[in-house]
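Following: one structure in structure tokens, then a few remarks.
Order of writing sets the chain letters: A, B and C. Residues in each chain are counted from 1.
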Amino acid sequence: MPPWLAYAASGVSLFAVGMSALVLHGEVMRKILAANVSASGVFLVLVALARRAPKGPPDPVPHALVLTGIVVSVSATALALALVRQLRHGAQLGPSDERRR
Amino acid sequence: MTAENVLPVGVLLSSLVPALIIFLLPEQRHGTRTALNLFAAVTKLVLTAVIGWGVVHHRRYETRVRFLPGADLVLHADPFSLLFVTLSAVLWLATTIYAVGYLEGSPQRSRFFGFFSLCVASTMGIALAGNLLTFFIFYEMLTLSTYPLVVHRGTPESLHAGDVYLAYTMTGAALLFAGTASLYALAGSVEFVAGGSVGPLVAGHRGALMLIFFALVAGLGVKAALFPLHGWLPLAMVAPAPVSALLHAVAVVKAGAFGITRVVYDVYGVRVAEELGVMRPLAFVAAATVVFGSVMALAQRDLKRRLAYSTVSQVSLIVLGVAIVGTVSTIGGVVHLVHQGLMKITLFFAAGNLAEKLHVTRVDQMRGVGRRMPLTMLAFTIGALGMIGVPPIAGFVTKWYLGIGAIEAGASWAIAILAASTALNAAYFLPLLRDAWFEPAETQGGILAEEATLSLVLPTVFTATLSIAAGALAASGVSPLAWAKLIATREYQP
Amino acid sequence: MRGVPWLELTILAPLCGALLGLVLQRAVAVLALVSSLSTAVASAGVAVLVARHGTIRRSVGAWELPLGIQLRADGLAALVLVAFAVVGVFITAYAMVHFEPGSRAARSFFPLWLFAWTGLDALLLSSDVFNLYVTLELTTLTSVGLVATGGDPAALSSALRYLLFAMAGSLLYLLGVALLYGAHGVLDLDLLGAVVTRGPVTWGALALITCGLALKAPLFPLHGWLPAAYASAPVPVSALLSGVVGKCSLYVLVRIWLGVFGVPLGRAPAVLIGVLGAAGVLWASIVACRQQRLKLLVAYSSIAQLGTIFLVFPLMGRAAFAGGAYLVISHACAAAAMFIAAGTIEQVVGHDEIDRLDGLAHRLPLTFVAFALAGVSAMGMPPSGGFVAKWLLVRTAFELHEWWWAAVILIGGLLSAAYVFRVLRGAFVPAPITETIRRSRASDLLALGLALLALALGLAPDLPLALAAQGAPS
């Protein structure tokens, strides 16, 4: 098996592990971690794909995809964590912000 | 953009525009509203007359608008549509005058008259529709605009009646939609053409065409109150009298019967329908409804409910005439569209007067009513005798033609149905007449004749007069009968 | 006309508005309105351009394919762009009325909505699978934020749930894209469509992408996050989610199926989607009938309509495609109108319980009229855009001799009539004489405007349909 395919396969397994954890685990922090693991799996697949040509330089497009994917993943994780934090500390809210007429 | 293109839309707009204006009028502007209503009704009559004259002189009136791929919106004035349009226009004027008087002092009149006008606009669209899709669109708009009229009073009974009405009509709508869409899928386009347009398709699609026919008739049969789809009609009697009058004489019930006629003649064509074997079942259902309706009417104690079941029975006479294949029975069926409308509206107007003035709502309260409200009861009598089939009132002409037509078409069993209908009608109308005229009045203290107000009596007497005239003058060139003959001969030309 | 970069402007206008809104927080509402109007104008420009010249392509930064990013506007994109822009303007205006000016909710809503709109427009104009991923993420993340603007624990937890579903969906989608790229070396939709063939890789990619998007669309039975999100979000957010922003994933699914997978893979997957969509229609409609609260009823109605749009997949063909597009835009108008009406009722009487709405029509006549007219479109009754869409879909079903899809649509229509009239029937009960409330008519007029739009779509369908047909598949 060419090396890139081995990496890609492990990427897929990481993805699957992460996905099942995302579905099966109930606690929200685990879900977030599982999503990140899954994302890493996908990124690994992409990076491995960059090397699929037997000779020559790696293909830069998947690298660009991974970079974008990392940015998206980090943003989503940050958002998730912010929501968890807000929930954990109790939503401190005064009177409703909606107009009452 | 010639007159021929604009006039059909004009007829539609003459009630649509007032409807929109009335919705926006403040509740207190009664005078403005009444004036607007009357102006609209008169305008519509004028436009109808113009188109009528044109059609007689072989002018083509058509408004065609691009709508969907393979389906234009078409408004088209042929003799049959004109029959329905004229009936609606004349009776709308009468009902408007009646409603103004009846609802005097009631709340929510802007809402009522707004939907009232929308209802008439939809009926005009149904009448003038030139293809099945246009017909369907206006048919459903009729459902939407009549619901608020049925539930107008807002009482639990009204709301319940509205729920039942919706359940029936929406289910019918789904069936009608399915039939229409599948026919369009099969045929590409379904214009109303004398003699029908699906003939070429019979070869490969017998089963589909039969199924579609039953779907269409079932969908239309809900409004036409064919058994067993009639359940909404007696309940809808909780609506104010002008609504019952309009629904039962003009708009909803007639639209259903009109639609069935259109499907048989101008979509399938009589020959094709006969060949597919769908006319027999249709005739059977119609005949069953005629008898069923009259039997149920006999059992009713509430006056308006008795009249409702009478409608169920009478409208099926139209369908029966259509389903029996032959020129003469067609004439009978088509002309009954007009005759039944005139007679039934008279009966409902009269019933409304009785309820308003004397609080008479049940049949056992009718003793001596003839002395107290002579004009109203006279009109009621004319309507009732017409239903029974007594000459020279219009109903007799119908039964005559239906009878002859049945013999001509070899369907002599229909004569038995007609006889049963006549007998049953007599059974549930004659006792009322006897009570009203020949029994002493049930009153407290000396009572003078106390007729209803002018705006209630005038339309009642007017439509009663028309009922007699339609029958007595049937042989003349300007009667509904003459018009029906024109239509029937057109349908049966090779 | 041609020289103006309309496509780019539809993306830049909301983006600038969002950025400025974050900075100039006092004027955020006005900025949002200006920005939304500019976006609407730009969208109209795109539509006119497409109507005249057919499909338009622009390479961003003048970098060409296959490495550059291309913006592509065909008829469908243009139609949806304009429709969403118009609805967006209405909802922005309503949000100005709904939120207390200067409140925390207002300061978060407007920038988030404008960012979401940026993502939305970029998504509609994308032409390669990865760009679709990026823009979809932008739209999704901002939608999560929008759901959370409610601020209370229910809103936060439903936002979190939505986010987790969305993350799972995105990862599935991304893996599918990776597979496609690995196998074919291109990302552009048209190029992919040319080279894709049957095979395990294609099947795998299709499955992954479809599942991923099904989680986000959502397709029954993966919709678990949606009802709670609708219930706990502020009304403008619900209106946006159901009508506009919530359609993104579905749009991406349609694009990818049409552009890439349509022909090679045959009908079986499409039929599966259709079946799930049909199940969604029936389930959501029945649940809607049993709701006690108006906002939830409208939410489930939206889910049912979404299910109907999924029926476009098995019915694929020119007319069904047009019907689906029409359903998308009519539903955008009608759902927004119904949500605004529900929101107005809730603001005036303090609750939205359906059984206690009797007689309210006299205090809120315009609101109920707007709801009724929007309901006509939701039921698919003439004259409305919903009817036109229903007609196109049902007729196609009969033309294909697959009457069961038609049956699902018609039964869905019956059920929707049941729940719409359940709300409306109370309007006819006579009301006790109450004081007239002094309140602004703005939200009523907005709801009414949207409802009338839904109706107008039913009166003149040939123009929008002609636009959608530009560059459409046959």
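To be clear about the criterion, a contact is a pair of C-beta atoms (placed from the backbone, for glycine too) under 8 Å apart; a residue touches a chain by one contact, two chains touch by 3 or more.
Computed from a predicted model, the values in this text were never measured in an experiment.
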Exercise for review: Could you say which chain's mean Cα position falls nearest to the mean Cα position of the entire protein shown?
Suggested key: C
**Study point:** Most remote chain, CA-based centroid, reference being chain B
**Key:** A
Exercise for review: Name the chain pair with more contacting C-beta pairs, choosing from B-C and A-C.
Suggested key: A-C
Review point. In angstrom, rounded to a whole number, how far apart do the mean CA points of chain A and chain B lie?
Key: 67
Review point. If you average the Cα atoms of chain B and of chain C to get two centres, how far apart are those centres in Å?
Key: 43
Check your understanding: What is the distance in Å between the mean C-alpha positions of chain A and chain C?
Key -> 26
Check your understanding: Of all the residues in chain C, which ones touch at least 2 other chains?
Key -> none
Point to revise | Touching residues (chain side chain B, partner chain C) in the complex | key: 66-69, 107-108, 133, 136-138, 140-141, 143-144, 147-148, 151-152, 154, 158-159, 162-163, 166, 170-171, 173-174, 177-178, 181-182, 184-186
Exercise for review: Mind listing the chain A positions that touch chain C in their complex?
Suggested key: 8, 12, 15, 18-19, 22-23, 28, 31-32, 35, 38-39, 42, 45-46, 49, 52, 61-62, 65, 68-69, 72, 75-76, 79-80, 83-84, 86-87, 90-91, 93, 97-101
Exercise for review: Quick one: which bits of chain C touch chain A in the complex? Just the residue numbers, please.
Suggested key: 67, 97-100, 103-106, 130, 134, 137, 141, 144-145, 148, 151-153, 156-157, 159-160, 163-164, 166-168, 170-172, 174-175, 177-178, 181-182, 187, 234, 347-348, 437, 439-440
Study note, to complete from the structure: In their shared complex, chain B is touched by residues of chain C numbered 319, 376, 381-383, 387-388, 390-392, 394-399, 403, 406-407, 410-411, 413-414, 417, 421, 425, 428-430, 461-462, 465
